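Shared chain: chain A. Partners: chain B in the first complex, chain C in the second.
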Partner chain A sequence: MPRGRRSIDPARIVVSTTSGAVPPHSIAAARPRRRAIDPAIAIALVVAVAFVLIAIVWPVLMVVGTALSADAIPIFQRYLRPPQNQILINTVVLGVVVATVGTAIAFLFAFVQVRVPAPRPIKTTLHVLALLPIVSPPFALAIAAISLFGRSGIITRDLLGLRVDIYGLPGLTLVMSLSFFPVAYVSLAGLMRSLDPALDEAAANLGSSRWRVFRTVTLPLLLPGMASGFLLLFVEALADLGNPLVLGGNFTVLSSRLYIAIIGEYNMLSGSVLAVLLLVPSLIVYFVHRYYAERASVVSVTGKPTGRLTEVTGRPARYALLGAAMAVAGLITLLYLTILLGSFTKLLGVDNSFTLKNYEAVLFGYGIQAVQDTTLLASIATPLAGLLGIIIAFLVVRGRFIGRGGLDFGTMLGVAVPGTIFGIGYLMAFNVPTQIAGFTVFPKLTGGAAVLGGALAILMVFVVRSAPGGLRAGTASLQQIDPSIEEASVSLGANQTQTFRKIVLPLIKPAFLSGLIYSFARSMTAISAIIFLTTPQTRIMTQQILNETDAARYGNAYAYCVILILIVLAAMGLLTVLVGSTVRSDRNPSVELAANR
Partner chain B sequence: MARGRSSLAATLLAATLATTLAGTALGQSPSAVPAGTPMAMPSGPAPTSLTVLCTPQEDWCQAMVAAFQSQTGIPTTYVRLSSGEALARIRASASAPEFSVWWGGPADGFVAADAEGLLEHYISPDSVVIADTQKDPDGAWTGVYVGALGFCSNTKVLQELGVDVPDSWDDLLDPRLQGQVGMAHPASSGTAYTALYTQVIRLSGEDAAIDYMKQLHNNILQYTKSGSAPAEMAGRGEIAVAVVFSHDCVKNIDAGFSDLAVSFPAEGTGYEIGGVALIKDAPEPIAARMWIDWSLEAATQEIGATVGSYQLPTNPDAKVSERSVDLSQVNLVPYDFSAAGEARTGLTQRFEDEVAAQPIE
Partner chain C sequence: MTGRSSATASTAPATLQLERVTKRFRSPEGSDVLAVDDVTLELPGGSFVTLLGPSGCGKTTTLRMIAGFETPSSGRILLDGSDLARLTPDKRGMGMVFQSYALFPHLTVFDNVAYGVRLRGHSAREMRAIVERTLDLVNLRGLGQRRPSELSGGQQQRVALARAMAIEPRVLLFDEPLSNLDAKLRLSLRGEIRRIQQQLGTTSVYVTHDQAEAMALSDLVVVMNAGRVEQAGHPDVVYRRPMTRFVADFIGRANFVDGTVLGVGPQTLDVSLFGIVVSVPAAPGHRAGSEATVVLRPELVRVGQAGLRARVLASTFLGPLVEYELAVGDQVLLAVDSDWMSHGLHAVGDEIDWSFIPEHTYALPPVVVSG
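Moving on, here comes the complex of A and B:
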């Protein structure tokens, strides 16, 4: 796997997306003498706490509060009893199936990447293809899957003459596993690399066969990582809205039912009840995952690997593994090629003539507003979320105040809570101006008549959803930096703000960069959280893609997808250049600090 | 900004500029009123914007907005929402409406909105030419087009399944059509609600209608959000039959889906009168009234056919495309828009509880 100095280190992305895998060796043990709190730190703390309370906790509490009213009891009963409990069952079944298949694919890709000898270009290609779903809208694959494998799919129908049914569980499993496995893949690959090969060698020296070593040594060591990936995928699958809407058929899940309750009926009570039914398993699984992953990493990660990893050398096993991974990669390629070709085609599969009309509609027609709005909002949200995440990480790791854990927990709710719940929470919390004792504390934030045409609410949601990535990345990297470096800076007379800016920030820049890239990709591809918040003045690309898909104008939907992917890739490149180049100039912060003094 | 339309960038910019500055910028809109356009300008300050809630298909919405903007010089934006969605959205923002005028979608939706006090009554001077059966006497809504519900079949798929083109509601219950019928969700779509309420009239009663829907449920592939979507799915061959307004089927035949065919149930089908209405406490009431007046003109009602939307005009002077449905050839049920509108909330809730969540047998 190529690891250019300036390229984005996937292992970093893992840290930010999985939230777990925090190295256990927190060095922040020794504490210097007490100092007065720096005013800048105090302000940062107040801002961070206010943000978490207003933008994250309050909307979620509004939803929970509504669902706990007496009126909600019959609605709970309705959804917990037959036949409506089928929705809950479907949701859990989908979560388990997608998590299982997704983890299996992730394991396969990680294993092939780390343990199977193969030519470099093949490994690079596999790696890039595995990461592609991260930068594309979450349901792009679902649209392509209908074109390829639908009842009149190009492959199933035109090539194989079959009339298969991909709507419902089978199709959802296919596209959701492929869309979500990258997160688990990157973390598993990181875990596999960090395994101590000495253990495998010891087992082999004691006479175990390769298969036995794999079964009794390697696999048990990887199990916590796989479990963590499984739980994460489970939460993602539960929260997903785009795919069930596009490909769900009559397989109704909580998120799609919630969507109808809000957009079709504007029934906030039903919406809240469904949201709580969705929230409870998501939160339980998410925090089990965090707790589990943090403990598990103590067991499995034993420091830097010392020897060479044993690779799979048996031919049949090697070819089988490589073949399987390449088959999956081929499928991903095929789906993305469909998106690309479809964007230049009149009616893919029906009338395959070349056209630029789709791009004309998106770039020069009614679509351009969504492209501009989404890019603008994501560009504003990205630095805000990155900065906020890193500041909270600094406060949580280095700060000494009561409730640090609460700040961390509150921020992490931004990803632990399914997006649809933020959507309805914002509608409930911010659809009317907030008044305390007759004074307007906040103006109306959602809807077209709101401040900035509703853009502020969407911006807040983008930051809420992205800040946890920066927080995780920042926490992980801060915990590996010895606080004595910062103490040295303070001893030399710098205040905490200077220390943060000149010492901490340069040291955690790589983490900051990955946090930023993650934020931008996450904002650009967000759908479930913003779907209730778009207004006539503020349009969002993912929502437009969903509209185009629902109206079966696939050409436009594909063109949107291609443009969205290009924007995210361009931003990744730009961020790497911008942030990456400053890393070089600031490489030796202590020297610079000395020069300043 | 120079485009003179209210995009987010404009909004953000406007927020930072003084209002007067923003006003000037909007005034520089390139599309001034062309000379000779007969557009009565009501008294009061000249409108500077209009936000339309548009329910028909996207391209018709675009064509309408572009035409209105170029004829009046008023920068106009729209959001396309299906009928049920639109109703929910108006309800949600009733305290501070984001839209001024709601154009298109079956009248039932307008009746339901009016029952909740969400509409401002307005009897347009242009509405005198519209037949009494196609408008609300109190001016809650006025009809702008008419369409009949039909079946949109993919003849190739039907042939493979060995099923004839359906010409009865009961034909849709054929077990060979399992997972082959498409319809939108009545909560979000006016088309689907028309289909649902047609059963109430045809079978005389809500219980019988729900029973029919339960049987049909076994054959439904997916309840889409927007009413016209199943026609495209049928065109693509994903399903065999779509329950849609016939004009949405014709639109897709024109778009290149040549396997599609329109048919109507012999025992009677429902129809829609697409309405236009002023939203209560509309932020742009003058421009909204101008839109309503304009939408009733013959020339305006001929715009649809230019983008393949062949709904029948309600203005008798408007040219009728030969691609439009000939209502004299279709057996229509005595559809009651008031009753349908009043039953809407309860009936969609029943549909959701008793039909949509059922597992397929």
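Moving on, here comes the complex of A and C:
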């Protein structure tokens, strides 16, 4: 070997693996030393923990604490025994039915999108229609459904001459399934795309028919994803307040009963009991869902697709699937067209004359305050929630401190706990100033004379409800970034803050962007917590839509819905331009990720 | 030679010492795992040192403790005599080349290499000059504006190398940098790493599980097993005079032949092997009458030389070499014949002549059962 041996003396290599005499310095060295924690990390950690404790844990604990008093026992008994246990039964039935129908629709849409050959425009249209409910207020469809299918509905009475009652379980199932299925659709479609085609090919190669491959390979692999979607829809259905208020009729569920207890009866104790009855199943099911979601994502890491996904080519199956998806899409289109037309109509179905009065009222009349307040608060909450979510994701994924899991769990409570419970929790926790030794450490945030007219509480709720989206997107993104990329930055002389700013943030930009869009959409469309917190000084659009619906001013409600959807779409475009302009498309695919809701 | 090496030459290469370094991890089951067990090493300035061992032997953990990504449970790591314990990784000035390269995917090649340089307060002109010079050194001139994803694996590896060297590190650390490359590329980059290191004279620590890589690159090979250093020394010494059965087996291939010690000389033993008595080089500590294990490398089994007899159990034709499994009495020997053209191929079942030169073998130190 032509290797120049240089003047390195092997005798200078000292090797000792036996315990000889201990040199004096190793007595001090025997103590493990803790490396100094980066100050920026420490500050981020303190802020994150303080936020989780004050804005999430404390209000929830207030509710639970109230419900655990001795006075609450008879109320628990009342709601757990006939006839009042009907509310609980209704809630579970609604959850199961909506989750079943919603998951089925989600599966149908995902399957058609990934596995059924169809012209590109049809697929794109189906995809866009499936995502539309995400950017609209959760009960917009309920109002449209009343106009179309209600007691004096355009279709049911005028066209078909029927007198049907859409209020109650059937109507709720219809609108809630359509409103909530997009979330399950997005994750199922992603999961279906990530299945290794070689698995299907292997099964076919071993002699399975198409149907048998689907039944024995495809479906079992998608099952965790479907379970996760089902459970998430169940939790959403349990927590929903807007639809039951608009379309519930005599079909009372926990959230609407809770609303009446607080707003109608001013009964905090009874409200807390109902909140706990709602909280327990929600939390259990939510975290079971997370378990399945993580299992589903393990399945998805089966490697790069090596072939083409097997598509459904049999004519009958293809047309049946496409037909079903297009029928659902048609229904969604019909409902949104109703919203659009209704916003330009005096009273849809009764007086169908064209008018701009609705928009005048919303944009130039008494409605503009709600538009401004909501947009402003959502705009403030969005970067806060996005940044907080990403920072917590960084701490949870990369941090090396005890209680990381707790921080993750605490933040996720923001979506796992139904919004109504935050509403009542905030009323309890922040209705009086928090004082320690005579000093106000925390001002009054809710009700009359609250600080900033209650805007601060609403802002906090927006952030609480949106940060988990950024956390999940950020976590998924960070887990795909090789930790040695950050170590490389540090070994080159960058400290933690520089590394986060120059390396981590640019790499997780797509996740950050989807977190921001999610935050804004979620804040703009939030209702269940907000409804308890609005004040005359701070108005929120969703609350106004509900009021207009109650007062049968459907035209105004529709105009609000249209404007809200336009604001969300505009913000999505703006955020994509602002944040996304530097997101390059030729980046390392290992750090790409799909929007994670 | 560029101006760069003279700049580095102005400061003497750093020496690195590990003093009784130990690292304990808590396993997921809650028990303590001793990843690195009381390792003491002194790495002279300018040397190229390889930590060699199977996966899980503690070599990467040792490297990461030097870089500062892991904290020793006990023991000290000294750079030019000063303790590194209180220095965070970003203050240590160690250039690390990662197994996965860890290139910043959102930055160009130029910006990747410039990343560490920019943190060191050079003027823009100096920075540019350093980056260009370093890219020249690794033969990447003209590729500065590419993204890492637009480069081949070998080129990505060069960027990783350039990025680590551009900061003029006091020590270069390599964590299995060639393991993701195909065999041919591995050989050429191995040579290049060696060339560049010699040119710069930077003290380097290189982790690998590939013994050929270790021998080709190193001034010093440190063979590790189960968290401990089994042997450290020049590659040829470690190859010719393995201290343990593990080292003999891990570095190259080895036949272990047991024989009875008949006499003990200074640095030699008289041993009975294959029914004959030979004098072999030996580690100290043997006693007459006890058993000794003698290492006989396969390429030192001289197939076709008269002396001993064997039966061919299996034969594998590899082109330049033929490998045989030979039965000698009840012993099975692996033999590598690189001169098969001179004396022909042997088929399974053939009875053949063979011999060995006793001076080329080595008797391992006796295994002391500690108690």
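The rule we apply is simple: the second predicted complex is superposed on the first by the 541 of 597 C-alpha atoms of A that agree within 3 Å, B and C clash if a C-alpha of one lies under 4 Å from a C-alpha of the other, contacts with A are read in each partner's own complex, and residues count from 1 in each chain.
Operating definition for what follows: a residue touches a chain if its C-beta (ideal position, glycine included) is under 8 Å from a C-beta of that chain, and two chains touch if they have at least 3 such contacts.
Not measured: the values here are computed from a predicted model.
Trainee: Given the touch rule stated above, what does A:151 touch, chain B (first), chain C (second), both, or neither?
Mentor: first
Trainee: Which partner does A:250 reach: the first (chain B), the second (chain C), both, or neither?
Mentor: first
Trainee: Contact-wise, after the overlay, does A:535 reach chain B, chain C, both or neither (first, second, both, neither)?
Mentor: first
Trainee: In the overlay, answer first, second, both or neither for which of chain B and chain C A:71 touches.
Mentor: Neither chain B nor chain C is touched by A:71.
Trainee: Pick one for A:493: touches chain B only (first), chain C only (second), both, or neither.
Mentor: Second partner only, chain C.
Trainee: Applying the document's definition of touch, where does A:366 land relative to chain B and chain C: first, second, both, or neither?
Mentor: The answer is first: A:366 touches chain B but not chain C.
Trainee: Residues of chain A that sit at the chain B interface in one complex and at the chain C interface in the other, please.
Mentor: No residue sits in both footprints.
Trainee: Which residues, counting only chain A, touch chain C once they are in their complex?
Mentor: These residues of chain A touch chain C: 1, 3-6, 8-10, 12-17, 19, 23, 25-26, 29-36, 38, 482, 484-485, 487-495, 498, 502-503, 506-507, 584, 586-591.
Trainee: Of all residues in chain B, which touch chain A in the complex?
Mentor: 5-9, 11-12, 15, 51, 57-58, 62, 77-80, 84-85, 88-89, 91-93, 95-99, 157, 160, 179, 185, 187-188, 217, 220-226, 228-229, 232-233, 235-239, 255-257, 283, 345, 348-349, 352-353, 356-360
Trainee: Under the touch definition given earlier, write down the residues of chain C that touch chain A in their complex.
Mentor: Residues of chain C touching chain A: 19-20, 37-44, 46-47, 67-69, 71-76, 85-86, 88-96, 98-100, 102-106, 115-116, 119-120, 147-150, 160, 163-164, 167, 173, 194, 198, 216, 219-220, 222, 228-229, 231-234, 237.
Trainee: Help me check something: in the complex, which residues belonging to chain A touch chain B?
Mentor: 78, 83-84, 86-87, 146, 150-152, 157, 163, 165, 167, 245, 248-250, 252, 257, 260, 262-266, 346-347, 349-351, 365-366, 369, 372-373, 376-377, 427, 431-432, 444, 447-453, 455, 535-539, 547, 550-553
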